[in-house]
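In the two complexes below, chain A is the common chain; its partner is chain B in one and chain C in the other.
For the complex of A and B:
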């Protein structure tokens, strides 16, 4: 794949990114709007479509958790996708002509079934775009198949570093919109180190699969670099989708930690906090999480303790940026609430933004080549594309097709306006994503180091040395 | 020491729940020779119905009434079971066992989706019951009083079930049907009725497990599948079709699991499956199973 690309004297990326600069300026001049953003726009702001576009539907396949405990994440993802599709279709569709049609399948069917479903979607449903996918266990299996089938793919989660570090090291068709996974642990570590700089004894409870391992490793690496003398005193590894956490909670209590880092998510986190509450865990230690606010916001009850560092997978919480500081988010939350009668989660933002990234890339490519752009042209515009999303500015890095946006985390608080705990606005911190992720072209695992991720190697070689 | 005391209580608590699920599974297999893959969904349904009922009642009734509402989930599941057996399973009794495996697996998926449709994707909770009882100190740690109640219910259910099967007239009919269906039928037993009753009873116990566990956790989608897998380990160890086996198996699995979590988390699950494999090698029908 990479070899083929490199055969041409001028690589596709170089050529098109040069043209892209001019094209962007051209669109801005033609339409009077400089920036692309995720959301409906007035008809007057739409760029002029070049050439004839057939009005055949644009078919997308969306795999997400429709059932099981992970439905708390899958449902808002599906709703974000559908809202974006409805808005784009209300403008006439992509380039004003091609209406988005979506086929949905259940990710709970398991990795093998997901792979078969992707093949079926491409070969018999003839999808133009594949999107969705929540689990980090699934993207590394689906990514290579999407490359093999040549189907344009925008994962909205499944954010393991492994996908672009190892499984698909030179992606062509595969992109991912939400932040890279190592940012989860590092974001929580920064939030915890800032809130509780003297918490040295750290315990960890993580779901026993790749996500939990990733959170544990990157949290500990970053936290130890910031809090001298910090050490791990206990680890609990409940099976993913467990319901009884009482032995794990007792074990954590027995170690007497100052701080607990918790990477449980979905229904697992709900069952965990309810049991931990009754065992007095929250009174005995500070708690930092990566995904406490990862599901639909109202999945967490008012019985949830205040002052817990509530992660959102390093991505998005619907009240942030809030207070009219980011109108794109304010109007997104309003539209989402109007459509679904609930508030969006980071999965909603990811799936929603994915379709608007696609739309921007298609419009740019149309401006360059005229007519309906082929996948090559769309991909060339997605690489390096940045748009304003509800969560803030999101940028698709060309070297690894990974989306990056500044991460945020805050403390839980109960306020009268909501039936569920939200972030205490005074506690929210935003972290520049460039400060917590390995820079472009940092050696991947196997390229001179054997760390689990490029980010782990970057942390070890830059953070700790810098501190010493 | 305090840790071991609490972990001991945790183990018996979990064993109570596992026993209720596995006992229903075993009872249904013992009488009807059906490996009921939908059993986990019955457990989850019990949890959802109870959580839903209590969630709607909590604002309007005194908390002592809430305790009386706990078994609602079990009764509802028994009713569902009494409908499913004659409508869905009975037509297939003449066919090879694989048909029933497929049907109960399909039923598992259908019930999961039905619960999603009826109760939504949000976790349902009945925590008010648990919080009304508070917790007591165990040598420096805290333990919820409600969990002790669950342990008690599990123990009483085990005793009642045993008395029911071995000390009542209906128990004699159950055991006769399980030993030789044709002979029981020839002697004038209404085997059809025994089947409905056995299936509903098995469902009731599973529903009861879900109903009493939900105040301490939450009813979440997929909870039945997690429970079903461990319940199968229990019956493989104890012997499918045996109540004593379900009890011993539940205690063994629960204690080994807790010890695994506390002392050797890397191989906690592997140890459970190793025990199951070892039992299968030495006694292929399980510790208390009959060939």
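For the complex of A and C:
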């Protein structure tokens, strides 16, 4: 499976190891511990369903980027969601009865059209669950609407801190699975400070909207705390979904920085790195990114330079944890590749894990109340829920309904096994999420401070003032 | 004489009322027949209808194609949002008053600059000015919220000076039910007002300017002054629509000031037919349904909308209402027996 040139995605060795995984799962099931994790399980491991469940479909609405430059992130999200839905349906559906049905709509229609579409999905299509959403510009609009409509919502991205800091400060129906956004900039800052501790002159190129500002701010806060004397020498703010980065690249080059922090994503990053190559930008400065490996892995070509710090939105890359250290990931990658003939991204993991989180919560709620649990019961089980996902251990914090998992980042490297650059295994670092995010109930903006996020306030009070 | 008559719109007051009355009754009973979602869509349609009606005073009656009406719509919307964010105001009536005041000032200033020009120069100027407002909304994010926008929650708002509020369970359905009628009343007022304007001597003068500027000037019409007043009225209609739109949408972002939305207003008006009085209204309602269902049903929704526009321009150059009128006219002519060559 590791060899892309090998047409059959499943080699004999992989097949044997998968059998090993299944057998392992079976053994664990016998001791009653394998009921909840992100992935299919043998029927014997399923908990007993209490009460009668009607076999009406469980309707899911999924808004994601189906077109445009952001499709590089939207498509893997859709595929991760569908794979999980197909697997759960193959087990008979949720609680063995309710098959998951999904209706999909295009996020690139714009925020206002997304709001209308969510209302249509709930009021007209009567969805049970709303999920998807990639852009940080859209979750703060859709979150409050989901609360108004009372529709259970699992965003798989759109991870701006703003959503639970300000837009929906006391969420009831809205949850989010992938890591919080401030972790992006901080993860890249830690990776960069470790790799290049003497890079003091920092330039920044960010998409000109809330995500770019968030990356810039949190990267600089954390980086300055770790690298004394670091300063910002240039900032470039191309509009989101730009195609021409030439003026921004020349601006960055003329500032002569040691290090560039880049928060461009999707098709924007691909266009940027290809144009930057022509100017030899990567030879003139070190480059740290937050989302270079955020889209479909094959979206980045072999022409991409090595030794670039490649972020995955502080979430997941399909080769990590690798080397069969985390069988849930190995078997997920294998099943995903078999289904879609490509490798998963962090959006695939997020959307996939979202449905398994839901499934776990529904099974737990059924165990407690019997029959089909209402949303209140499902929500009570989602709050504080932790499951093992392809990316590792994911935990939904009850205070803000936000998912947390340890973040990871690595350097780009070309290896013969893949048609695209991957993480150099020797360079990958995993960072405890506790170390890079504001703890539960940390004051939100407006509660005694006016920072842009709770995380920024936490960084300023605990990293900079108390440097140990 | 025919030059002064709006093309295909020479209805008497009596006949106009006879046509409008059943439509008004229909609009009044629709929420009883359809679900909250459809009512909501229709509310959006009526609001865009107000904006398109205002836009068409310039395009259809004065002969000026504005490509910047998103600016005035956005002004109305952002004024209400600022009143929520910075003043804590929660009354729809105050939003409307504030929106009208701010829109009037800015529209008058923009109009003063623009009406000295016609044709493409006028269009480019209106576009450029609207882009200035967009940049302000987009870049001054510490004031405007940037792309995150500003939230205007219906739950914190009252209608009719505090008589109607929306809290507690099922509030969304109650809000839509009430807000539809609120919008409908304002929509009806706007339609009547615009009807009076375009049939008044002032409206006739605008049409004279549209048809022949030089001749209008020789008749003693102050072309620039008339255009400025038309521009102001047109912007105010768009501003009112923007204010009405915010609580319904729940949020205002710079998207609503950006040029594609100006394009959508043009699209609505052309779709319905800009040579008729009712065309823009029908166009706005139809466009809103069209876009919503295109987005819901296909990833190629942009292509779907584009194809509709191409077909429209080729097959129905007079728009939906204009096309229907032609069909009705031909049918009537055949009924009289003088249709055959």
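Keep this in mind: the second predicted complex is superposed on the first by the 434 of 468 C-alpha atoms of A that agree within 3 Å, B and C clash if a C-alpha of one lies under 4 Å from a C-alpha of the other, contacts with A are read in each partner's own complex, and residues count from 1 in each chain.
Assume a contact is a pair of C-beta atoms (placed from the backbone, for glycine too) under 8 Å apart; a residue touches a chain by one contact, two chains touch by 3 or more.
From a predicted model like this one, the values you see are computed outputs, not experimental measurements.
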item	value
Fit or clash between chain C and chain B when superposed on chain A	clash
Touched partner set for A:213, first chain B, second chain C, both or neither	second
Contacts of A:46 with chain B and chain C, given as first, second, both or neither	neither
Contacts of A:328 with chain B and chain C, given as first, second, both or neither	neither
Which of chain B and chain C A:254 touches, first, second, both or neither	first
First (chain B), second (chain C), both or neither touched by A:67	both
Partner chain in contact with A:226 - chain B first, chain C second, else both or neither	neither
Region of chain C that runs into chain B when the structures are aligned on their shared chain, from 5-13, 23-31, 311-319 or 329-337	311-319
Intersection of the chain A residues that touch chain B with those that touch chain C	66-67
Residue ranges of chain B touching chain A (in the complex, touch as defined)	2-3, 6-7, 10-11, 13-14, 17, 112-113, 116, 121-123, 125, 127, 130-131, 135, 141-144, 146-147, 213, 216-218, 220-223, 225-227, 257-258, 261-262, 265-266, 269
Residues of chain A touching chain B in the complex	66-72, 75, 108, 235-239, 241-244, 246-248, 250-251, 253-254, 266-267, 270-271, 274-275, 278-280, 296, 298-299, 301, 303
Chain C partner contacts - residues on chain A that touch it in the complex	66-67, 103, 105-106, 109-113, 115-117, 119-120, 123-124, 137, 140-141, 144-145, 148-149, 160, 162, 167, 208-210, 213, 240
Chain A-touching residues of chain C, taken from the complex the two chains share	35-38, 40-41, 44, 138, 141, 146-149, 151, 153-155, 171-172, 249-251, 253, 255-256, 291-292, 295-296, 299-302
